[in-house]
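Have a look at the structure that comes next, please.
Lettered A, B, C, D and E in written order, each chain numbered from 1.
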Amino acid sequence: MSRKLKRSILFWLLLSPIVVVILFPYAVMTISALKSATEVLNPNWWPSELRWQNFPEMWQTSGIAEALANSLYVSALSTVLTILVSIPAAYALSRYQFAGRDLFRQFLLVSQMLSPIVLVIGLFRLVAGAGMIDSLNVLVVIYTAFNIAFCVWMLQSYFSTIPRDLEEAAWMEGASRWRTLIAVFLPLAVPAMVVTAIFTFINAWNEFVIALTMLRTEGTYTLPIRVFSLVAGRYTVDWHYVMAAAFVASVPVAILFAWLQRYLVRGLSIGAVK
Amino acid sequence: MAGLRIKELVKSYGPMNVLHGVDLDVRDGEFLVLIGPSGCGKSTLLRMIAGLDDISSGELWIGDRLSNGLAPQQRNISMVFQSYALFPHMTTRKNIGFGPKIRREASGAIDAKVNKAAETLNLHAYLDRLPRQLSGGQRQRVAMGRTIVREPDLFLFDEPLSNLDAKLRVQMRTELKALHQQLKTTMVYVTHDQIEAMTMADRIVVMNGGRIEQSGTPLELYDRPVNKFVAGFLGSPAMNFIPGTLERGDGQPRMRTQEGFTIPVGDTAAKSGQEIEIGIRPEHYRLADNDEGFPYQVAVVEPTGSETHLFGTIAGIDARCVFRDRIAPEPGSQMMLTIDPAKVHVFDRKTGDRI
Amino acid sequence: DSTVRVTIAEYSKGTGPYFEEAAKAFETANPDTKIQIEVVPWDNLQQKLTTDISAGANADLSIIGTRWLLDYVKEGIVAPLDEHITPDFRARFIDTFLSPSVMNGKVYGLPIAASARAMYYNKDIFAKAGIDTPPATWTDLKTAAEKIKALGGETYGFGLQGKEIETDVYFYYGMWSNGGEIVKDGKSGLDSQAAIDTAKLYKSFIDEGLTQPGVTSYAREDVQNLFKQGKVATVITAPFLSNQIKAEAPDLKYGVAPIPAGPTGDKGTYGVTDSIVLFENSKNKEAAWKFLDFLFTTEQRTKFDKVEGFLPVNAEESKDPFFADNADLKVFTSLLPNARFAPVIPGWEDIAQTTSNAIQKIYLGEGEPEATLKEAAAKINETLK
Amino acid sequence: MQRATAPYILILPSFVLAAAIILWPLKEIVSLSLHDVNRFGMLRDFIGLEHFRVLFADPDFIAATWRTLVWTAAVVLGTLIVSVPIALILNEDFYGRGIARILIMLPWAISLTMTAIVWRWALNGESGMLNSALRGLGLINTNIQWLAEASTAFPMQILIGILVSVPFTVTIFLGGLSSVPDDLYEAAATEGAGSWDQFRLITLPLLRPFINIAFVLNTIYVFNSFPIIWATTQGGPANSTDILVTYLYKVGFRIGRLGEAAAVSLIMFAILLVFTIIYVRLAMREAKA
Amino acid sequence: MAGLRIKELVKSYGPMNVLHGVDLDVRDGEFLVLIGPSGCGKSTLLRMIAGLDDISSGELWIGDRLSNGLAPQQRNISMVFQSYALFPHMTTRKNIGFGPKIRREASGAIDAKVNKAAETLNLHAYLDRLPRQLSGGQRQRVAMGRTIVREPDLFLFDEPLSNLDAKLRVQMRTELKALHQQLKTTMVYVTHDQIEAMTMADRIVVMNGGRIEQSGTPLELYDRPVNKFVAGFLGSPAMNFIPGTLERGDGQPRMRTQEGFTIPVGDTAAKSGQEIEIGIRPEHYRLADNDEGFPYQVAVVEPTGSETHLFGTIAGIDARCVFRDRIAPEPGSQMMLTIDPAKVHVFDRKTGDRI
């Protein structure tokens, strides 16, 4: 017990510098979110009063509620879709030898290489040509496409560490490939799936440029558009509301982290060669 | 239920052949034991039968179906993996019940099967443990349990009892025989345990370096090994080989060793003067009552409880003797031994084949 | 039934709601037309428009910076409005603000937002430093700044913007006072003596510690914030700062004065308008025009300008007591006769960019004023060709 | 499923999606880069490589290219160096590990743009909370104008870049570490391997594929990353913190030279392509060796 | 080199005790064999000695150092894992050379060691393979190789030969003994193989359910097991137990079975009329020449080559006999057997302890 305690103290000490740096902008954000409009420009750390009502005020004026719902919809759906599309591909890459295997992997990387800022022009022409702008579902598909490369690479690397004989044992018991995937393979790949889920969810959650280009109407705006539009180029910025909004926007993600992080535990001793 | 017919089966990894054209027929309902040195291709053969490894060339018939390209799921075979291959995220119960569950059996029926298997395997106390919370032998038993809850056309066992203690192993052996008796399913069983092989097999196949050396009933193999390899592989401690020249006189043919003394040999087709090598199983030596025997130079004495193992040399050749009695000769001393000529195996010194 | 899509640049948090409300009012009056408001943050407006137009998916109406208009006109993207403009309609506007959107004799856009620049000064700081009138010339301003510096502490006389949008404009204030021009006879005025003098003047402010330190890290926002915090005594900016001060620093005592004059008495302010334009490819030009017509009624204009703190563009509107009796605004309107607008030249942003870069180099001390400006002027001349 | 076609069927959906987002835009960009284009993307005359010629004559472009390489190398390497130990720690069992993991991932919870804006806000010379904090701690006594010049702004931007890349990287590593079975460490420990040797000989090689992912993808993302630099300095002052994306953005959307912007993006694409191909080749050869 | 002293060692997983206070002294240089049924805690004990599992309570002294909290690296112990734990990304060569490399030995020296180990283990052909390209037995040998290249203070072996064929196993046994002779390092060796235990051990420790049942030299344990458990566990096939009552008459004490016949027993402290159970090893029965013996009901006959195993009953109790000769009684027939009274073990029927 005390060994663990000692280790814990040591680890926290080691982590503390980075934790401080990470928390710094959060601290700035939180404190600014609780300052009044007159005080928000002062760089003091302790405001004379904590204005909790900034949050409800921001909530009402910024239309953030609807954006929250839109963002949740887009992020959740594209997470699911990405994983559904990536798993078969990653499985094929890690379990089959086929012509073009390495090429496909590299192609996936290529799909990440165009700077999104440029990409968006071409993409928009494509979507506009199909008459599908202002649709959250189109956004879902685009996000999915963007995240495939990472997800496939990540899943494939992880899949390769899962011993084949586990699958083979399932086949021997008569389980189809599909069933094996569901019952044996994927449960063992949970950490990798968690990583990819977090990744896709967050990318969709935070994505701004594509959303702004593809979406038109208030009803479809996602959170980043709302939050960003509180700052971008306005003649007057209500920093306390901006910070409050940014804070609110990060809460669901933090909850997601809290929920998913424990699935990142070290494997069930699956890699052992015996 | 199904027999198995294997023709010219070859397996290669890249340029390297692991199986060099194996031919094997397994009768429907037969209990076939596969033995051979580590790395000779036993597991590979099982995996090819199971459909887990591709067949490089040759034919594999399960029942009367050419099964070369058949997916493992379609073969209705059950297998215990040498590596266990337990599902790490499933409890013992789930692991054992996996097969029936896949076949969508009623959960009541599954439970009953699992409980019965757990009873047989002494696993009832561990049904809700995960594999990593089990001891080595317990894991191996779970692997066994996963197999025996099913009623496949063919059982494949890859050293399923290697991590069990002697007592449990005897018990499991009996259970398995009973299972075989009851289901009459063809079983192919890989083991390194001599007693297991001898007592369980309807037929034993001895492999070596990707080839089949001999196949036959246990006693056939024990009594008439076709070559030195089989003779030396079967039986533990292994047979002693002593080189010499055959001398046919009036009576019993005898072999003259380099050191000059002779050992009587039984029926053999070897010609007088032929360079031969005789094989004598350590347990077949007898203490000579008079001076008629041949000399044995004792080096080490090892009592095992029920037996006494001696290490020493005959005619300068390492030889081991096993005596049922607890004898205690001085290391360094010389003993006179005899042997029933009928129990002497004669091999051609060049080819190693029985003559 | 027709839908008119309107791309709106977001000036403040009031922008979206104002237009939504206006659209609703319009729809009530015109039940067969639907108005779809698409609010875009200012920073992304150009990008969004470029993308939209390049895919032919642009709205019917859009707000754009009037300074970009020439490019749009040249490419034939925006439609002239003359056929709809009755003399009556035209008479609604204060001419100064309409004229920047007139090109080749045609009206291509209507000034949806207008502002000018003047100097805000902090009365308390001035009082403390013993200055009682706002500086009328740059020399006065410098003297004042020196006095303020003498007070000690972290208060600076002249808030100088050195970053992002309008960095160039902040330089032009001085340049205009010195008698310079952005473009003269089709050539850049950046290599003129006026420009060089201004650069040296500003640099002397920086070097002598009369501005806030690190000017190149202060955008317009930031300098205004310093002013609100009482850290700089003067800042040159637009009318909407008054609104902000009211909300965020109600205790600040400030005045608004004209931009200081140069040695010859020259002074100028910068007049800016944003235009709302009708796209050539619009399928609903009639309905769109109707909406424009509606937006430029006095009632709507008043509402909008009050929300945003812009100058009235509508003659009627300017008589509204809110504008007419506002001391701050009066200063701005008084400056209008001298106001200069961004010249009608192609590649305005290109020039602005080059100018800003040159100025930043000078501010940072990385370039001699004269050489740097000459180099920039040469580059601009290339663009102007 | 037929064995020969199965893998192709399995990769088909991902292939189609990935192809859709890259091939069409790529085609558009290529044609933009070879034509005279107006600021709204309408093609005029074919002018061949003229845009490229103009670019290579522009010292700002050359400077931005070098800076991009510095930026990418600094952020990616910095991120890896910081992330590996963090991931190792977070993979251990200790009190508060869950909280520590959430904390480390937090920078990911806000969009990059917002993070950058908050930092810009915090880095403000006179009213920024960083200066105020540092002064409060007595570390400095005059305000540092962080963003006023490249010599302080750029390192800060790199720092922010590292900070926001760490969560992604650590998470990949955590996923990778979870695939390493405990008994390997046990075996290594009994053989006498201390923590460093265990890391060097067990963790690092087994983590290799995941490090490769982190390295390649981070490189691509950082190379193309826009918000941090844009929101803090917009590449200024005087282009001194411009990287290729910000340069591209200004050329394309500010100034409206879409043809040149397209050419920049193709050059960026080519740089990345060459880099990745070389890296992936090397990594694969190593894996096979 | 170091001895080992274990005091009251307890291991618990949550509420469940796996080791219940184990006391054990291992002499410096001793070869100690640990045996016991699957799941009795052998691996757990080794892992605690190695420092891989926390000690719940008790003391562990390695040499004269209290090592409870010592990290595995600091113990200078080498161990063969039951699960092998080979490094999947390293070739055989690298796996075997891991220890010396960690100790920063010169690469020439490492090569020499690896080659020597590979020679011993018959692995020279597989030095550049990855574990996944090896057969089960080859993997196990790599695990063995990784251990024997080192010269630690203490060797721990967890069933290191279970996947090897009999011949190789005998060979490895000899090599290991030689290694022990040469290095004189303390070795703790877990095995399920009776012969291994009997022939290799200086001392055997029999564990059962997390406790030590008996410890002593192989023959001590074989000849005088302290209780029924040890008696039944050691020796294969296992000892037969027949219940009855002791009758002391004039001569030899005898036990009367339920069926009424009597079996002579040797020296015992049991009182006349005491309820006892006798243990007879299957190999100790002799065919009775006359009617003096007791009846054995034959059920199954199993020839193993060198021996014949019989399954049957004595006094209604299951009993196994092993005969060296190849005899072939009819299943169902009855044979008369005798036994040397000195070879009969007498246990208290209630406590199971030897009397």
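Just so we're on the same page, a residue touches a chain if its C-beta (ideal position, glycine included) is under 8 Å from a C-beta of that chain, and two chains touch if they have at least 3 such contacts.
These are the chains along with the protein names UniProt gives them: A = Carbohydrate ABC transporter permease; B, E = Sn-glycerol-3-phosphate ABC transporter ATP-binding protein UgpC; D = Sugar ABC transporter permease.
Small disclaimer: the values here were computed from a predicted structure and weren't measured.
**Student:** Quick one: most central chain, C-alpha centroids?
**Tutor:** Looking at where each chain's C-alpha mean falls, the closest to the middle is A.
**Student:** Just list the two chains that share the greatest number of C-beta contact pairs.
**Tutor:** A-D
**Student:** Please work out the Cα centroid separation of chain C and chain D, and write it as a whole number of Å.
**Tutor:** 36
**Student:** At what distance in angstrom does the C-alpha mean of chain C lie from that of chain A?
**Tutor:** Measuring from centre to centre gives 39 Å for this pair.
**Student:** State, to the nearest whole Å, the distance from the C-alpha centre of chain B to the C-alpha centre of chain C.
**Tutor:** Chain centres of chain B and chain C, defined by C-alpha means, are spaced 94 Å apart.
**Student:** With chain centres taken as the means of their Cα atoms, state the distance from chain B to chain D in Å.
**Tutor:** 59
**Student:** Name the residues of chain C that each touch 2 or more other chains.
**Tutor:** Those would be 50, 54-55, 225, 229.
**Student:** Hunt down the residues of chain E that sit against at least two other chains at once, touch-wise.
**Tutor:** Correct list: 83, 85-86, 88.
**Student:** Can you list the chain D residues in contact with two or more other chains?
**Tutor:** Residues 41, 124, 126-127, 183-184, 206, 249, 252, 258.
**Student:** For the complex, give me every residue of chain A touching chain C.
**Tutor:** It comes out as residues 37-38, 40-42, 61-62, 120-121, 124-125, 128-129, 133, 212-213, 216-218, 225, 228-238, 241.
**Student:** Quick one: which bits of chain D touch chain C in the complex? Just the residue numbers, please.
**Tutor:** 38-42, 123-127, 143, 145-149, 153, 233-234, 236-239, 249-250, 252-256, 258
**Student:** Within their complex, state which residues of chain D touch chain A.
**Tutor:** Touch residues, chain D against chain A: 1, 3-4, 6-11, 13-15, 17-22, 24-29, 41, 82, 85-86, 89, 91-96, 98, 100-115, 117-119, 121-122, 124, 126-133, 136, 159, 163, 166, 168, 171-172, 174-184, 206, 209-210, 212-213, 216-217, 220-221, 224, 226-227, 245, 248-249, 252, 258, 261-262, 265, 268-269, 272-273, 276-277, 280, 284.
**Student:** Tell me, which parts of chain B touch chain E in their complex?
**Tutor:** Residue list for chain B touching chain E: 13, 35-39, 42-44, 82-83, 122, 126, 133-138, 140-141, 158-159, 162-170, 192-195, 198-199, 218-219, 222-223, 232-238, 281, 283, 302-306, 309, 324.
**Student:** Using the touch definition from the top, list the residues of chain A that touch chain B in their complex.
**Tutor:** Touch residues, chain A against chain B: 163, 165-166, 168-177, 179, 183-184, 187-188, 267-270, 273-274.
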